[in-house]
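The following pair of complexes shares a single chain, subunit A, combined with subunit B in the former and subunit C in the latter.
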Partner chain A sequence: MNFLKKILAESGKLFDEGKPLSFAYPLWEATDTILFSTDSQNKSGPHIRDNMDIKRTMFFVVIALIPCYLFGAYNIGYLYSEAMGISSSVMNDFIIGMTYVLPILIITFIAGAICEISFAIIRKHEINEGFLVSCALIPLTMPPDVPLWQVFMGTSFGIIIGKEIFGGVGTNVFNPALTARAFMYFAFPTKISGDKVWAVGPDGYSGATALAIPANPVEYDTASNLFAASTQFDYSLTNMFWGLIPGSIGETNKLLILLGAIFLIYCGIASWRIMVSCVFGLVFTSVLFNLLSYLTVDGILQSGGTPNAMLTITPLQHILIGSFLFGTVFMATEPVTSSHTNTGRWIYGFLIGVLTVIIRSINPAYPEGVFLAILIMNMFAPLIDYYVVQSNIKMRLNRNV
Partner chain B sequence: MELFSTESKKIINDPINVNNPISLQVLGICSALAVTIRLDQAIIMTLAVLFVLTSSNVILSLIRNYIPARVRIVIMLSVIASLVSVVDELLKAYLYDMSKQLSVFVGLIITNCIIMGRAEAFALKNGPSKAFLDGVGNSMGYGLIIIIVSFFRELFGAGTITLPDGGAGYVLWSIPDSWYAAGYENIGLLVLSPGAFIILGLVIWFQREMAGVEEDA
Partner chain C sequence: MLKIKVKKGHNINIAGAASGEILAPQKNTTVSLSPENFRYIKPKLLVKENDSVKLGDPIFFDKLNPEIKWPAIASGTISKIIYGERRAVKEIIFNVDPQIENDNSSGKDKKLSNKDDVVNYLLEKNMWPFITQRPFNKVANPSDNPKSIIVSLANTAPLSVDYNFTLASNKDSIISALINLKKLTEGKLFVAVRPGEFNYLSDLDFIDIVEVEGPHPAGNVGVILNHISPISSKDIVWTVQGHHLPILGKLFSDGIFDPTMIINLSGPIVKNPSYFKSRIGASLESHCKGNLSTDKARIISGDVLTGKESMMNGYLGFYHSSISVIEESFDRSFIGWLHPGGSSKYSVFNAYLGGNKSPYSFTTLQNGSHRAFVPIEAWEKVFPMDIYINALARSIEANDFEEMEQLGIYECDEEDVALCSFVCPSKTDVGAIIRKGLDTVYFDK
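Presenting the complex of A and B:
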């Protein structure tokens, strides 16, 4: 260790102001602070000391994501074996899956590192570990068969447009990982619009995702019946919970996501208020839509046109379908882009749930709505905070009159 | 005034670089987003704006001493509107396909802030030769940006580069089929208006960085 420390201290002199390597100072700084805790001290306030620094926060999120990665890889292999009609061991499935997950992961990190380091050098800020979390999240939101150059483009877009042009970690308006996802969604809709199955299989292998089944039914029926009638994949509630269904890499197994949520809440990193209120919003809106579907199908409101089967998806199905839980736990709770006041968090989360169901059910073009809902609410989070703070000030003023 | 003096050079150069109407003053954004899906549309639009802006600048500058200040907006509008109608009719007569594609956006040149802005800010205060140069400079500045934006939008969004000709456009180059076979895909986002915003934003970023402009926070 001392040896390493010495090397770093010696080489550090090369990166000082006016030395030939000074342009690469952020690189040295990052290596130094990752290996050792820094011994530089603040010269002026604030002097808050807390072990929960940004690195540890980010690190915990990455730990919470690891089970999703492992299961995601297994799931790809499992579905592959199913599609090919071969029986294969768990380990074998896992290795097959890894051959898809690892390249995406590596490309994401390369793209993220290039953007982050070049901005750190040009803008002369420190290399921020925030990009590690963004880069860890991006592959989990990708379908396994996504072309790697698209992953590269999407990641660069997410890091640069989503974060760096706003000034880097801590000042960004939008979640960088979701910005990347949204870019790819609109840029390459044929690959990741969310209606076709995202499994790896023989050429031309295709099918409908859980969200696409009630969106384009052959004949109107309730969503539950349509799921039950689907023969290609098992879209029963239990199976959707255990996650052996096609989807983006990290979002299929709901148990692991819930475990991640508990871990993050226990460590005090993610806000449970946001998660709970997201679910509230989703349940509220989907119950409303369920009632609406009774009116439109059986009762007074029926008139011309085909009824929308998406309206009949029950709240529990909404929670288990698609990436709602993943988005709620890992994306909506991102500390920078979500609301910062507790009341604001309730409102912010609730509206995410509401918007998710609205986009899923009412808009026929977008089968999945979670990431759009979160991005929209990211935009409104500062506004919500502003009004919460203002109303609090007003309340306290009135109290003292 | 001499045509090649430093002052006239400045009048032409400024709007192209450090005082660009689109990227620095952020005027005329509407048409910059609307007509930049294809390169040939942007080129024809640039020519139309070049004609309208230079002629309106010269005409208004010539009659500037006879315009009462109270009704100047009406007079400016009527001059600009007549010129736009001329361009519209010319396009319909000689470039029918193009006028179909540009549809209302030729007519909307009337409301393009750049033209009214230059008339108000420059032509009414300067002589015709300066106003002429100012018109050329500003429409070049406008054209430069929309041609750059449309080049990228068309190349990456639709995979072609189209130049204007008498008909529906001459495809100069398009991405070969072998690329598509190898897995290349057009970026559908760029065809939509958000794509135009993003490209325009990047161009503005680049140009401000080059021109060394710092906005007051």
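Presenting the complex of A and C:
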């Protein structure tokens, strides 16, 4: 170990100011502090410091995501075997899935590292560990058969436009991982729009996703009945909870997402307020819509057009369908782009829940509403904070009169 | 009686708390008075090197406010005057002569009936610097009319002196000090205590007792004021350090200046952490020498959160009552950020397995690199005031005067946010930001 330390210390001199390699100092700093914890000293102010740092914070989020990766890989293999009509072992399924997940993961990290490191060098800031989380999140939001060049494009766009042009971690407005996802959604709609099923299978293999079923019903019925009538995949509540359904790589198993949420809340890293209020918002709006659908179909507000089956999705179905939980736990809680005040966090989360249902149900052209809802609320988070802080200012003014 | 229950905050479980016996230090042959301990003053010396002085004699005055003079904190000779950049006076070192010191019977009880009497008495005795003010945490201006006066006898900072123990024998002088402090304000005189301590104070009908419960920073005057009587931009509140009450009390009742007080020496690498019967500006060497288990020590005048880094040959700050010593560590552990936990890791986050249980040996390690600020509700966990500290820090960094005032910069001081810096995963020095904001608004006024 001492040998390695010595090499690092010696090589570090090459990166000092005025030396030929000084431009790459952030790269050396990152390597150095990943291998050995920093020996930076408390200078003034508190002479002692907590053992939590950004490296560990970000690393913990990545830990919370690992189970989603493992299950995602297995699920791809499982659905593949089902579609091909072959019986296969769990291990075999997992390996098949990994052949799809690993390339996406590697390409994401290559693209992310190139962007982050070059910006760190150009802008002369430290390489922030936050990019690890962004890069760990992006593959989980991808369909398994997404072309790798699109992943590269999407990741670069997410990191650069979502984060770096605003000044890097800490000053970004939009969640970089979701920016990447949104870019791909609108740039390559044939691969990633989300109405057709995302599973690997024989050529031309396709089907309807859970959200697409009530969005485009052959004949109007309630969402529950439509799900029950769907034969290609098992869209029952239990199966949607356990996640053996097609979807983005990381979002299908809800149990693992909930475990991740508990882990992050327990460690004090992710905001439970945002998670809880997201669910509140979703339940509130979906109950409202259920009521509305009841009134329009059977009740007094009978309208002329075709009734919207999306309005009949129950709150529990909304929670389990699609990426709502994944987005709530891992995306909405991103600390920089969410609200920075506790009151703000409640409002921010609630509105994400509300917008998710609105985008899903009222405008079925975008079956998956979560990522758009979060991005929209990312945009409004500073505004929410502004009003929360203004109320504090007003309170202080009144107190001082 | 007012009661405050503070929930947000954290008592740092640091090793090396002083035990309950009072020792005598090795000879305090030199003591020091440093103008650097006082903010926003321009000191002008009234003495030269080798002058002989008596306790309480004027040593220097503030050019900006010439009526405020600083007292000699020892009888003897001025052995050395240390200058800093541009010949600013950094430190005045006294050689203590015990012979003259004991011959200190000048005073006589004087009838002080109103504010002017008390102010003039303190100014005349050169004792005014004991009175400080909020906002800005500086020496008070005698011509101000404070909204209230507050004294906190509930010390919650890590490894700080326990006033219930150190001031146990000072009942009469504390009461004498409080009686006269009350004359300084038309408002209230708040005295903060922990439940069950200083019970005799409840007999004094002229003070308002504030019972404080909860973790640090519950005992800070800034936090208490925020709960009971928040400071606005026009308000000024005066305050006195708890350990200075007996000194003021004796001055009022007997007319003598007695600079002795009980301080503590504590910290993880102190062999025998204990209390000492010491004095203002005492030399650190006389307490620390031979009492540290390693040479790589950072000796701090004050507590580990807000104290000032000093050296073996340094001195206790004017307002400080404790010496804390921690190890200067440069240890680099392999892949430290992956460490599972155990007794070697301390965190207010549940990020390590089985930590925080036994008293932890903190070192000077920052435990992480400085990074851009990521708001994961860390500051808010330990900041018990109704101020959006995050928004305030931003307005300070943006140099937005108006917003700083609106968000309550006047209610904060560095010590109130020290825990925020302690917990911050990005290793931001929040105290420095708040001080920058206070300086900005101070010089703008």
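As a working rule, the second predicted complex is superposed on the first by the 388 of 401 C-alpha atoms of A that agree within 3 Å, B and C clash if a C-alpha of one lies under 4 Å from a C-alpha of the other, contacts with A are read in each partner's own complex, and residues count from 1 in each chain.
Following the convention adopted for this analysis, contacts are C-beta pairs under 8 Å (C-beta built on N, C-alpha and C of every residue); 3 or more make two chains touch, one makes a residue touch a chain.
All of these numbers come straight from a predicted model, not from anything done at the bench.
Enquirer: Does subunit B (first) or subunit C (second) touch A:134, or do both, or does neither?
Expert: neither
Enquirer: Determine, under the contact definition given at the top, whether A:126 touches first (subunit B), second (subunit C), both, or neither.
Expert: It touches subunit C, and subunit B stays clear.
Enquirer: Mind telling me which of the two, subunit B or subunit C, contacts the most residues of subunit A?
Expert: So, of the two partners, C touches more residues of subunit A.
Enquirer: Using the superposition on chain A described above, determine whether A:269 touches subunit B (first), subunit C (second), both, or neither.
Expert: Once the two structures are laid over each other on A, A:269 reaches subunit C alone.
Enquirer: Have a look at where A:165 lands relative to subunit B and subunit C in the superposition and call it first, second, both or neither.
Expert: In the superposition, A:165 contacts subunit B only.
Enquirer: Just checking: does A:56 make contact with subunit B only, subunit C only, both, or neither of them? Give me first, second, both or neither.
Expert: second
Enquirer: Is A:183 touching the first partner subunit B, the second partner subunit C, both, or neither of them?
Expert: first
Enquirer: So, A:389: does it touch subunit B (first), subunit C (second), both, or neither?
Expert: second
Enquirer: Following superposition on chain A, which residues of subunit A contact subunit B and also contact subunit C?
Expert: On subunit A, the subunit B and subunit C contacts do not overlap at all.
Enquirer: Can you name the residues of subunit A that touch subunit C in the complex?
Expert: Result: residues 1, 5, 29, 33-57, 59-60, 125-126, 128-130, 168-171, 266-271, 335-336, 340-342, 385, 388-389, 392-393, 395-397, 399-400 of subunit A touch subunit C.
Enquirer: What residues of subunit C sit close enough to touch subunit A in their complex?
Expert: Of all residues in subunit C, those touching subunit A are 12, 14, 230, 232-234, 298, 300, 304-307, 309, 324, 326, 328-338, 345-352, 355, 362-378, 380-381, 386-388, 390-391, 403, 406-408, 414, 418-419, 421-427, 429-432.
Enquirer: Which bits of subunit B are touching subunit A when the two form their complex?
Expert: These residues of subunit B touch subunit A: 183, 185, 187-190, 192, 194, 198, 205.
Enquirer: Any idea which subunit A residues touch subunit B in the complex?
Expert: 147, 149-150, 153, 161, 165, 183, 186-191
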